[in-house]
Every structure is written in C-alpha cells, then in structure tokens.
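Each remark here refers to the structure printed beneath this line.
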C-alpha cells in the first residue's frame, strides 16, 4: 500500500534539512536542460525567453525503502513541497530569480535517488550585438546556480555536455547552431575560500533572415536605387526637388522604424542603420545642391561672375583638379 | 446529515496517495474537452487561446459510501483540494503548464466515481502556416497529459472522439471545420520502457475572410490597378513621377502594416506579401525608367547618338528581337 | 461579549457542509446585482468590463443564536472564509470564472440569515453587433451561476427584477436604456434530469455618439465632399491627379484607423466601413479615368480614330443609349 | 523581555473580534492621508493614480500592558495580521477595493492605542471635465470606508482636515491647489436606519500647461495661420489646392492625435477639439471653392452666362447686399 | 547532524520578536547594495529600474550554537521565513514598498551573525531633468529603510560607502559616473523625538549619446539645413511653397516623436525641443511670406502702390534703417 510507504517516509522528515549523513558533505546535484521552444529574443530590451525543462537528480538517503516490503514498488511520486529540493536560482534572470516550481512533483526511487523535472518559461538577459543585423549570430545563456549554498554544501554539476533537443519545436526566427552545458564556479573577491557552483547553458543562435531580407533590405535597396535617379531627373521641371524630398521622407520613416526595433544602446550601431543614415545624408545634400543650382539657373544672367568666385574656381579648383 | 458523511470519508484520507488498491495498478482517468469560445489565434506570436472546460472522471474507492446509511445521498460535492486529483499538465502550454484548477469542486458518487469539471483559459502554442493568408486553414491543438506519472501509474484516456460543442459560442474570425480528441503515448529515447499517456485535442480551423477581403485585398487591388495607369500618364506634365512615387509610398505603408501582423518567421512567407513586394519592385522600376526617359527627352538633341549605343541597339537588340 | 458568540457559533462549524437540515433540501440563495460603473465595452476584443457588487442572501441554521443571551446582538460580522459560502461562478467570464471574493466579510443575523455583498470588476464576453457603428445599441450580460452544484443542492434566484442603480456613476460612452435580472435554468443534453440554476443580468446599452460624430463622421463627410470636387478640377493643370491621389491616401488612412478599432470578425461589417470602401473605390476609378483622359488629350491628334473604336462607339453605344 | 510581552498579549487574542468592551459600542477609528506622489491622472480612462499612506489609529483594550512590568516598554511593533485591523475599503477604487496592507506592521502603545500606517498605490476613478483642456482644473477623490460594518460597529473619522503634504514630491504635470479630508455618512434607500461612515480625501488639481502649450497649442496656431495664407496664394499656379490639401491633412493628423488622448466620452467635448474641427471645416470649404473657381476660370469663355445665374446674381444677391 | 541543530535552534524561536537581550536596545542592521544591471531609466514615466541584491547582516543571539557540539558546523542555511528578518521597505518605490524576499534563504553563523542576500528588481521613482537631453546626466536613488520601527528599535547602517560593482553588467545606455551609499535619518514634524534610519543608494549616470546623435540629432540637423535652402529656391516655380510645407510636416512628425518620449512635465522643457519648435516657427513664417510675395508677384501690376504703403515704406522703414 502506497499509504503505508508514505507514512514510513514522511513521519520524521524535515524539509529544511539537507539530505546528507555528515553535515560537512555536499549534496551532489546533477542538472541538465531540455529545450522545448524559443519564445523570442527581443532585440529591443535584450531579453531571451525560452521554454524548457530541467532534469535534476540527487540522492536523499532518508527516502530509501526496501521495495520488497512495499509490494515491490521501486518508484514513488510525491509533491516537491513535501521533500527537500535544491535551491535553484536562475542567476541571470531578468525579473524572478526563483521560478515557481512548486507544482512539479518529484519521483523517488527506492535507492534514495530523487528525480525532479520542473518546466518553465525562463527569461534571461542576453547581450545582443546588432552590428550585422539582420544577418547576425547571437549567443544567449541560462545560468542555473545556488544563491545561498556554497559548493561545499550543495554542488551542482551538469549531467550532459549539451542541451537536450528531443522535444525541441524549431523556431521560425532562429536557427540553433549548437549548444553547450557546462559547470562553472564563481568566487567573490571578498571571500576567496568560498565558491559557488553553477551550471551554464549556452545556445548559439543564427537569425533566419528571409523575412528581414524581404521586408527590410529589399525596400531599402529600392529606395537607394531611386536616390540615384534623382540625379538624372531634369531640373527644369521642378520635379527634381519633390522627388528628392519624397525619398528623404521615406528614408526617415524607414530609419524611424529601424531605430524602434533596435536597442537604444550606444555600444554598437547596426551597419544597416549607418548605411541608411549615410544615404539620407547624400539625399539631403542632393536636394540642397539642386535648390542652389536652380537658384543660379533662374537668376538674372546679366550680372558678371563676382571676382572672388572667378579667382576661386579658375585658380583654386583648377589647381586642385590639376588642370 | 452531510457532516457525518464528510467526517466518514475524510477522517483517514490522504490526498497524496493514488486511489488504487494495489500499488501496481494504474489509475484510469478519462478526459474530454468542451469548447466554449475561441479567444484568439494570434498570428504574430503563434499563440492559440481558447476558453473551455475539461470533464475528468476517475474512480476513488476510498470515497465510497452506502447511500442508504446517509439519507439516500448518492452525490456529494467537495472541494478539489481535499481529495486526490490527477496531475493534469497542459503539455504544449505557452506559459503555465499547470492551470489553476483549485477553485473547481468535484462531485463524488457513492460508488466511488469522481467527476471533476475544471474550466479555464488555455494558451497553447500553435504553429501557423501563413502562406495563404488571409485564405488559410489552421490546425491547433491542446495536449493534456501527466508530467510525472507514467501511464503505469496514471493512465489518461479520451472519453469522446470529438470536442464537445454544446456551449460553443461561435467565433467571428474562425470557422471550426472539425475536431478530434485522441489518446497518445510518448516514450523518451532514454528510457523506452517508460511511457506517458496524453490526450490530444485537435481543432481544424478555417479563417473567415470577409473582413480581410474588404480591408486588405480590396485596397491592395485598387493600388495595383493604379500602378497600371502610371504607364499611361503623359510624361511631359511631370505628373508621371509624382504619381509613381505616391503609389510606391502607399505600397510601402501597406507592406509595413502587413509585416507587423505577420510572425517574423522565415519559414514561409505569405503569398500576398510576395505579390506586394513584386508590385512595389515594378513600381520602382517604372519610376526609374520614367526619370531616365524624361532625362533623354529634355536633353539637348543636337548631339548624335553615341556609336556604341547605336551598335548595341541596331545590332544587338535587333538580332535579339529577330528583326 | 462578541468573543463568546464567536466561540459559540464556530466551535463545531465545518465550512465544507451545506447549511441545510436534510441533505435532500436545496440551499435557497437569492442574488441581485448593483451596478457602480461601466468600465468599458471593448469593441475590438468584445469584452464588457463592469464594476459592481452582488447582494447575496441565504439561510444558515447553524449560525443562529438567541440575541437575548448575547447582549441583544442581532448582527455579527465575520470573515467570509470562516463560513460556508455558495459557489458563485461568473459563467460567461472572459478569464477567471471565480472572482476573488475572500476579502469581503459577511453579516450574520441572529435568525440565521447571512448577507454577503462582494464587489468586483467583472469581465464578461459580449457579442457586439457593429453594423450601425457608431449609432449602435448593444445588449451585454453577466451570468452568475453554480458550476458544480445542481439546483437540487444550491438553488439561485434573483431577488430583484432589475439591476440596482443607486450607486451608479453614469458612463460618458454608454447610456443605459434598461436592465433585467432573471433566473434561468440550463440542462445538459447528456443528463436531462439534472439542471443548474443561474441568474442572468442583462444591460441594454446605447452608445453616446457625439464624440464619434465629431471625430469620425464629420471628417469622413469632409473627405467625401472633397471627392466630388475632384470631378470639377480642370484636367489641364495636372492638379486633378494629385488631388485624387491625396484624397485616396486620406481615405485609406481613415479606413485603416477604423479597421483597427473594429473586431476582426467577418460576421457583420460596419455600414460605415462599407461606405468608406465604396467612396475609395469611386476615387480610384476617378484617378484612373483622369489619367486615361489626360493620355488621350496629350496624344498626337493627327491619327484617325481606329476603325473598331468608331464601330464600337457609333454603333454599339449609340444603340445602347437608344440614340 | 519582548517575548514575554508577546505571549502575554496574544495568548487569548482572537483577531476576528472587534476591540470593544460592550458589543453595542462602535470602534472609533481615526484616519488621515499623507500624499507622497501623484503618479498620473489618465484622461483617457479617467483613472487617478496616487501613491501615499494612511495613518490609522484606534483603541484596542485587549492590547494594554503595564509598562513597568515589561522593562518600561511603551511601544511594541507587531505584524498587522496578528491583531484586529479595521476593514478599510477604497470605495471608489477602479479595480481592487481592498489594497494589500498585510506587509505593514502596526505599533501598539501600552495604553491600548494602535497606530497603523499602511502605504500603497491607490487607483481611483476620477470624472474628468476636459472642456478647457489643456488649461483645466480637476477635482479627484479617494474615498476610504467600511464595506460591511455599519457606523454603529466601526466609526471612521478624519483626524486632520487636510491631506498631509510633508513627504509630497511635487508632480511635473499637476499643481495641487488645495486638499480636503472629511467624514461622510451614506445611507441606502432600502434601510434608512443603517448608515456607513467613510472618509473622503479630495485633491484640487490644476494642470501645468507649459508642455501642452508648446507641443499642442503652438503647432495648432501655426497651422491655423497657414490656413489664412491659403486665401492669398495665387490660384493660377495650382499651388493653392495642394497647399490647402496639405494643411487639411496636417489638421486631420493633429485631430487624430488629440482624440486619441481624450476619453471617448460624449458628455463634454474639448473646446480645443471643436476649434480644430471648425478650422478643418473652413479648410475643406476653401479647397472646394478654389477648385470651383479654377473650373470657372479655365472654362471656355465663349458661352454666355446662363439666364438663371444672371437673374440670381443681379437680382437676388444685389438686393441681398443692398446694392 | 543538521537536524539536531535545527531542532535546537528553532524549538522556542518566535519570529515576531526582535533579536535583542534588552528590549530598549536597537537591532544593528548593516546593509549594502550590489548592482547587477540597470534595466532602464524611463524618461516618460520617470521610473528607474535596477536589478541587484542587498547584503544584510545582523546579530541574532538566539541563533548561536557551539560548533564543537555539532560536527564543527559554523554555518547553517535556513529559510528566511523561519527567522526574524528586519523590515526592509524600498521607501521611494513606485509600486510595491515591500519586495518579495521570501524565497531568499539566510546564512546563520555559529556566533549568531545572520547574513541575508535577497535580490530583486527594484523600481524607484527618479526625477529626471531633461533640459540637456540627449546629452544629460541623471542622479537616481534607491532608499531602503524601516517603515514602522524607529531607529531605537532597528538601526540601519551602510556597510560600504559605495555600491558594489563586482557583478555589474554594463548598460549600453548609461555610463555610471559614480555611486554612493549613505545612512540618513529622517524625523517627522509631528514627533521630533522619533527618528527613522534609512540607507540611501545614489547612482550618478551619464547617458551614452551615440544612438541619439545618430537617430535624433543628425536627422534634425539635416532638416534644419534644408530649411535654409528654402529661402534660396526660386519662387516662380511654385516649388518654394511645397518645399516649405514638406519640411514643416517633417518637423512636426519629428516633434511629435520627441514629445512622445519625453515626460509630460512642464517644469523643464528640453532645449532640443525648444530649438525644434523655433525652427518650425521660422518655417511657418517662411511659407507665409512666400505666399504673400507670390501674391504680390502675380498681381495686376497696373495699380499704383497705395499711398499708405508708400508712406510706410519710404518714410517709416527708411528712417528705421537709417537710410
């Protein structure tokens, strides 16, 4: 009967006590990550949102039993709140370091091994390098670690070298180039003899660019090519200025939209944005010079060219251009 | 008296114990889904949001009583937190795998059957194929399953082959073509002898397109037809360029709006978007060529045609066009 | 002393037991709704959000006392979590069927009557007919009912035929034409002998249209009248096309804004939107024909009219127009 | 020792019992409000959001002690959940009537006085009169009262006639003209002998208009003055129409932006909006008449003026204008 | 065995009692702040959002033990809810004064020292001076203090003079010029003998302006330079007005965007906004005067200059200009 086993196990159980015999021993907790979905990687606020689950295993000797005494039961499922569970903080979380795992039950084996697989949506901060946007690669991480226990008390290790991808539902925006799960230790300057263990999950991502090529690069290329023909349009008709102004406005709308999708960071500027700004600058100059030339064109032509202009052009520029 | 029955049933009840006699028996849990409303199917973030309720039934032999002893009572309503309830995870949930069902009470029958009907808003992720947007069909699913218990412990089965539609309030956006409820088992590669049972609810949806035809397709058709008349407008008047530019701008606003409603996925691009981009490209070419021709038109005509152009046109093109 | 009364009442009280003598009796619960404010009726997502409170009364014979024994106290206020409260679900809720009423205390009378007045913001789904927008009337409802208890266990009845309006703070957007509170029973097909009782609160609403007349109808009328003068503008000046295009763009901005405020439902389309689309269509035609006529106007006039056109016009149209 | 005092006070304490000797006595609760910040006054949804704290005092005779017996302690801080606290509802709240005050501790004095200072962000609904926007004054209130206890049980009074402003952090958007804290009683029609007490906090606010003058009024004045010069522009050049249309579009963008910031109420319309609509109307007329005149101007002048026009002008208008 | 120690420590522990021997002693709590990330400084709503953790230390003599008796254990980790923790309010919080620290465990040393390191996202209100936007410096603070306990009961002190930056992840938007952690006391006017202690964390920030220079200042400079060439464009061609109008519209879009990012405060206006408004004003004048001059240009020139204009110009202006 399960009830008898339940009573046997939890009669004297205290969930606040670490499951070790000697108080100097660390609890060995092994950990890996199984990815289900990449919800998004928000460039603007630099947040990485994944959906996956952890596979956590440790040994709790207080939860052993003789399977023969209890109907040959070798497994027993209990609520995770009724046993000791390791403190698992998402160190680089954006908002909540302690995800709510209380609903996830744990499986006890009769040899004392505990297996716990809590799932959740994890939001971590991810530094994004937008230089080559939208043809960029990114590296994002999830760092699980203990917040209070040193590695002499609770020792985290990774059980697999890579993220499990069995249930991965591929993202339409990001291609996963690779992944890595590794154990790290960190030490604070204040207290070099105390170290904390953490398990770092790295995901190498490559943006799928077809959407952006079609909706960002192509329209921009069209506008850029229109910029070129501005120079060809006949100035007499007055269309030259209005064509230039129209293109200028389009570019500014374009740039506005781009800058709204980018983080307001000043560390790196996207090459694409720099290009856009440059074309806009060219356009502005084109419009300004067109107006200047039109002005000269429509002037009263009786007046002679002023002396200083003549000097400047015939002597200065001529020498400059080696004529 | 209900109080006496309550005391009788719950004196020695432990909610952590599965309601089976032998610990090797699975609990048979039958399940079906009744749809009340489709809240939305968000194309952008690929989230399907439905409102419905589950009808869950199982047998708990500890909750039997002789109806004759208790005023012929055959039913008794209790809070779901005071009895064992099966672990029901929404496997393909977007955020919370365990919906909050604690407010929903359960009905006990005197033969030990428990009937529980928790309702909720379920958000699942749904892969959307936008190729034929807005004339598309979609298939979305809700997968209910156990997260920790194997099917040897808790065995889920579907009690109906289709979703119950008694209380369905039809959606203005989606027409339901059909539905299916089926039991599935899944096995992990690691441990092929362990399997988990789940109940998959499939909904086949067809978009009601009248709204989109009127607000998306019709305006686009208008703009496209205006593109055609650009070629007819007389180039002398200078209106040709400004007409072309105006249409180009309108199309880019259009495309911007479309791309904001679409997921940023690069797997499939909507045919409608490809068409729009193509028309935009045509337009850009039209404007560029117009400017080129105007330029030729307004040139000083005294200069003879350069030799290489003459050669190119009279010999190259002529041969190409078989003249 | 209140303390003595408290001890007297709650010594043997079990909140899980229905307050009836015989277990076959239903608990008679009377209910009405007092409206405080209409927060909004969102056309886009079809959600009706009201702020009001319920007045719920029932009899709990376990909570009787002799007022003479306790300082002539006839009323006693207790936390609602310490007594049995009826299960009140908001059946047509958008998200949460069980509003959080735990903070609201209940008043006990010495004859066993319990009076409970929980308030809250209620979000219900409301089917909106936008045909006559913005000159439309709507009917929205709040349905309170039991979710698990049949009407043989808990029987809901309405205590007033109309919504109480004592504390109503009139909305600037909606005028309340009338209201109705009525008791309904519903039966499921599966089990015709089981019925559930519910209390339906209906509100008949009429939109206050002055805001919309000024910001939607008036600007649209202005644009429409400008459309008319397009036909009068002289084609020679080339202003005709640009005027037409400008109006077309304005209309499309207008329609965009309208369609963003409307639900994406395809069941009914607003008459106003159909009108706008129609005017836009007229405009497109106007621009297209203007370009065509300008083209004819600027053609080389030496060429004779082609034979087939002459035939078409002089014979086909002439006969068609009975000339 | 504090522990001894704690045990002394809370050994027999029941938090559900009002702190009065005779059950017919009301608990006298005095209350005032200290304002820290005005978060916002949202015109669109008519919500007033303040951040402040309450100073609540009452007498609980069960919590008295002899200070001499306990180390001369005259004050003792306890969690507010371990004592009776008055039911404080924010009657005109927008969403939650019972703010979460459980984290705030209370101070007990040895004579039984309890002092409790819970802080919070309070969202109340505030009727906004936008007629003179952005040069408007508003009056917003926070009403704290009991929801269940009549004033015979719990009697609220204000301890100061004005809001405390010691920690007020001035808002950049609103200038506080004055404030008032007053006690009110309200009686329901149903039961005239039962009255509830409440404390009303009134804040008189004046909008700081410099931001709006610069970003709303000034640009509008510029556009209006441009409207005037439309009449001066020479009609021959065809610029007249395009100038008029441009201004019309600018005004409609302007009005759109204004109407998005205003509540969709139809009770009062902002004078500023009416002015904008009027100028827009003038502009539309101007454009229409310009087109009409251009049409007349470009007509074939050989045709004589039709008889009815001559009659109308020479006889009708002439007489009308007293010529 | 840890269990034995746990039982030893918490057998008679009452979490409501301050950890002091004499009830007149204050608990000395030292505090410092370690910054992990600056999430954002929202100019619009004036909210500063940081992510960091507190290092809190105090002495609880009830939690001492002889390490020799318990396996030489000198540290013991316990849940923070099972011991007394100081009341730490974020005094200048925007919404929640009491962050949820219940998940963070505390470390007990065998000499009674307790070390607690709760982390969180802290939202404080920060007065922003936007005068020099986007080349501005800002000072933002986080104030941690006790809300109920006077400094005679709980005395907060800072343990470091500066914010710890060991784990700081540099922000792309803000450069940290310096920081300061200091202890402050505040006294209310009402009760000058009672003072509360608080620890103020100051951060001196400098905006990284490259993003803004490129997306805000550069486009604005371009538009401004285009304004200048308006004066050069030949008035005959009618392009002058449309150029002016186009620039005017661009500026208003620009200003709209700027004002949407700025707080609606009227205390300080950004210099950049004033400049933009001024250029817009110039532009409006330019357009108005252009229209006026065009009007004069196209007038019938037969009419002589009116007498008063001649007088005004030849006598008034001549004298004014000293001619």
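A few notes on this one:
Going in written order, the chains are labelled A, B, C, D and E, and every chain counts its residues from 1.
As a convention for this text, a contact is a pair of C-beta atoms (placed from the backbone, for glycine too) under 8 Å apart; a residue touches a chain by one contact, two chains touch by 3 or more.
Small disclaimer: the values here were computed from a predicted structure and weren't measured.
Shared contact partners of chain C and chain E comprise D. Common neighbours of chain A and chain B, by the contact definition above: there are none.
For the touching copies chain A and chain E, the fraction of interface residue numbers used by both falls below half; the interface is of the different-residue type. Between the CA-based centres of chain A and chain D the separation comes to 40 Å, rounded to the whole angstrom.
Centre-to-centre separation between chain D and chain E, using Cα means, comes to 25 Å. In chain B, the positions touching at least two other chains are 238, 242. If touching chains are joined by edges, the resulting network of the protein chains shown is one closed cycle, each chain touching exactly two neighbours.
Those residues of chain D lying in contact with chain E across their complex are 1-3, 5-6, 37, 39-40, 51, 70-73, 75, 77-79, 82, 103-107, 117, 119, 121, 166, 169, 171-173, 208-212, 214-215, 218-219, 222, 225-226, 229-230, 232-234, 236-239, 242-243, 246, 250, 257. Those residues of chain E that touch chain D in the shared complex are 14, 16-18, 20, 22-24, 45, 87, 94-95, 97-98, 125, 127, 147-149, 153, 188-189, 238, 241-242, 245, 248-249, 252, 255-256, 259, 263-267, 269, 273-274, 277, 280-281, 284, 287-288, 291-292, 294-295, 297-298.
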